[in-house]
């Protein structure tokens, strides 16, 4: 059953050095406030999985939280490169990071297998791509019914999954809508789940394409309005694209980035902001 | 893109003798009117798949439409046996039928594989059950990553899937809500799809747990109010349980059943009824 | 339904109440239709208001106000926190090992709590009585942390050998579950109209550990198709309280409405 | 964006319009972000109002009114018929073979239309320039009935050998797709700022079949890193109509809002 906790307490309770962590949210509902609190608490040696590392993992990489990145598309969406990721990967600053790279279809199915409690999933994937030579956890299985050969991907089971959602109810269930990506799979695959939400409501109202995550799949809920900023929360606020553009400049040089870290993260407390 | 057709025309256009047919709806939204029209058109030699054959397949079996039944729970829910199924299976009346029996989890994953365009799905299933000795399309695969052995089930890809839903919009998209079972998978797995609906609306309104089936996955939509009777359509009508109870008596003896077939099916036209 | 002449409740009422009492508040319970469902819903009005009920039809954390007629009853959907597709139920909820208790009925059971719901008599291809089959039960029995079974105790239901293992309990005894790759803990109790049986910790054979008030051990022995093991510490089930009886009767009466 | 001095439109406008024109009304189109997305949305306001657009973020049959900033833009969700989870997008929509056209961009492409979006220069482990990687492109390229690629034509992008095959076109030529178990038809055209290339029916090598108005074939040859094959029936793309230009400009201007 979920408990309502302040964000610092939620992170402290459920995110440990060395964890395999998934912070999902496909462009939408990216749990930035939680990521910033992880930086603030100086969590180390995370293996961090996310389809699209986006700014959130670029920031955590730059801050030295991550030792290995598992991903399938690593850019600043609509802007360009993730400079902190590249600096860590290519130059080892602030620490070397290892990467494990997939396709979206493949990494999605790693989550599906994890959510399903089986060791692997089967798909038609990676075919013809050089990726397969550089990526662990991808293999093949032959059909027991025909000559068909399918790709197999190993399950991924995060120690902790962190999501941002629009609403919780008082019983600690969570509702999210709009683009939900692999949120459901990341929850079912994980041992522990933290969700930050925009607000708490008495009762959920029907929404198109909404999913509800029952309280018993969640460990901690933190109420953090604007907790997905500068990404967006459908029906709450839009993406602050200027921040995505500004990040290119902030993150390009180590010095600028370190100043940003001091000014915007270390010297601030855990809240969403806009 | 879906076309709006009268039900007789929809069945005539898309259901052929010898087809592999899936008529889904888990207790809820069972496409009875479509099943009755199939009986009326004297379609033969169907291989019919459905998690729960229910009254609809009992009726179609008794009427001689089905040569093989693929299922995972074959009773009259809350009432007892399916007498026409048993008479066909055990005594060959009106024709012998072959059966292929699964667990819900197994047959559900056969649909998942079919929907996914791969030849098989993997799960932990059937373990410890004698079923596996009597059921084709169930096998094993070994993990390429560990010693894990999983159950494999072969994909099922119906020639035609038939569903009942609450609403269509004018563009021929369909919305259903409440219990949807394996509706989505049965649609994606199929070559042709027919949907009967309670009503056509200008625009869908948000509902909890609703799914939308886009027009381009559907071949024909028939507007058949009460088309799921005597099962139910959430927010439209409740299950007519007296009919389920009455079916036990109607179906017990061949003579009674044949009279029912004459009175209620052959001498009536294609409409839902209540 | 046989009246228990020594009491003011029926044997089925006692069985349902005894089953309901075993469910812990906050547990996640995967429910089969019929008496298991009645008992689980009853438990929510008794000691387990936060019992998290899941049905194979896709209804998640449902709180029905009357007895469902079938496992896909609209009552279950209307009072659910959410309703999901069956792949999600079987793959994400059940197969992942998230369910505490599976609650099942049976047509036949043997001393290792193997369950038959497929056919009775003769052969699979030419059965004397064909039953509905597996539904969700095979994987519920395989996967839940524990399984509770509710079944009336007679020589027709408690048989030396089931005609078909639809859902495995302990197979042929210790080691069978592991050999068959069943991950859940297996049957923890069988609740009947006569009492409660639990697997012996060593042999895993079902052992009568409770008799319901007014039931004689010979009744249980006579109604069992194998040589029934009886616990040296055989206890008597606590008699139904008036409030429990009122609740079960109110609940059962909803099915007539 | 380089101005085409002989005309009243830019090369990027011509490229986008030429790409948009190739999409058939009623087709199902799986769209990558950037110019492919702009072209697909443009096509809906031109000859293909019923083009069924799917983005990997889960937005199904979306009809955005302005250019999405990213593949998961709220604009795509707000104007979608429905939004589904990514397993459904990749397994049920894409992998099942339901998509007519995959519409992709690229950083590098070779003469067999193999696509690199992973890294440029040196090695995978120590790249000169690290790019975002595969995203959905590998399976889009493998699976769709046909694939259209939009890319500016320069010797940096049109290379003799891609540094990494992220998404396979025709591999090493005839037979490669089958050998690699790719089920879709593969690239049917590459639309550039200079013209259109199509695979030769025999050799599958990309062949210049159209030049945009005002472009000289030598320009195309000079901007290609391999010995460019030119169709004996080389044609000129129809110049943009005023209405097409108005539409593309109106659309592109929405991204500033």
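We just call them A, B, C and D in the order they show up, numbering each chain from 1.
Going forward, a contact is a pair of C-beta atoms (placed from the backbone, for glycine too) under 8 Å apart; a residue touches a chain by one contact, two chains touch by 3 or more.
Because the structure is a prediction, the values reported are computed rather than measured.
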Higher-contact pair (C-beta pairs counted), B-D versus A-D: A-D
Interchain centroid distance [CA atoms averaged], chain B/chain D, Å: 41
Rounded Å distance between chain B and chain C, as computed from the means of their C-alpha atoms: 28
Separation of mean Cα positions, chain D and chain C [Å, integer]: 58
Residues of chain A touching at least two other chains: 116-118, 123-124, 184-185, 208, 211-212
Residues of chain D touching at least two other chains: 82, 91, 95
Full enumeration of touching chain pairs: A-B, A-C, A-D, B-C, B-D
Residue ranges of chain A in contact with chain C within the complex: 1, 115-118, 173, 184-185, 188, 211-212, 214, 216-217
Residue numbers on chain D that touch chain B, as the complex places them: 26, 28, 50, 52, 60-61, 81-82, 88, 91-93, 95-98
List of chain B residues in touch with chain A within their complex: 116-124, 137, 139-146, 148, 150, 152, 154, 204-208, 210, 212
Contact footprint of chain D on chain A as seen in their complex: 26-28, 51-52, 71-75, 77-78, 81, 85-86, 89-90, 101-105, 108-109, 111-112, 123-131, 134, 149, 177-185, 208-209, 211, 232, 234, 238-239, 241, 244
Interfacial residue positions of chain D with respect to chain A in the complex: 33, 56-59, 69-74, 76-78, 80, 82-87, 90-91, 94-95, 118, 124, 126-127, 130-139, 141-143, 164-168, 171, 176-177, 180-183
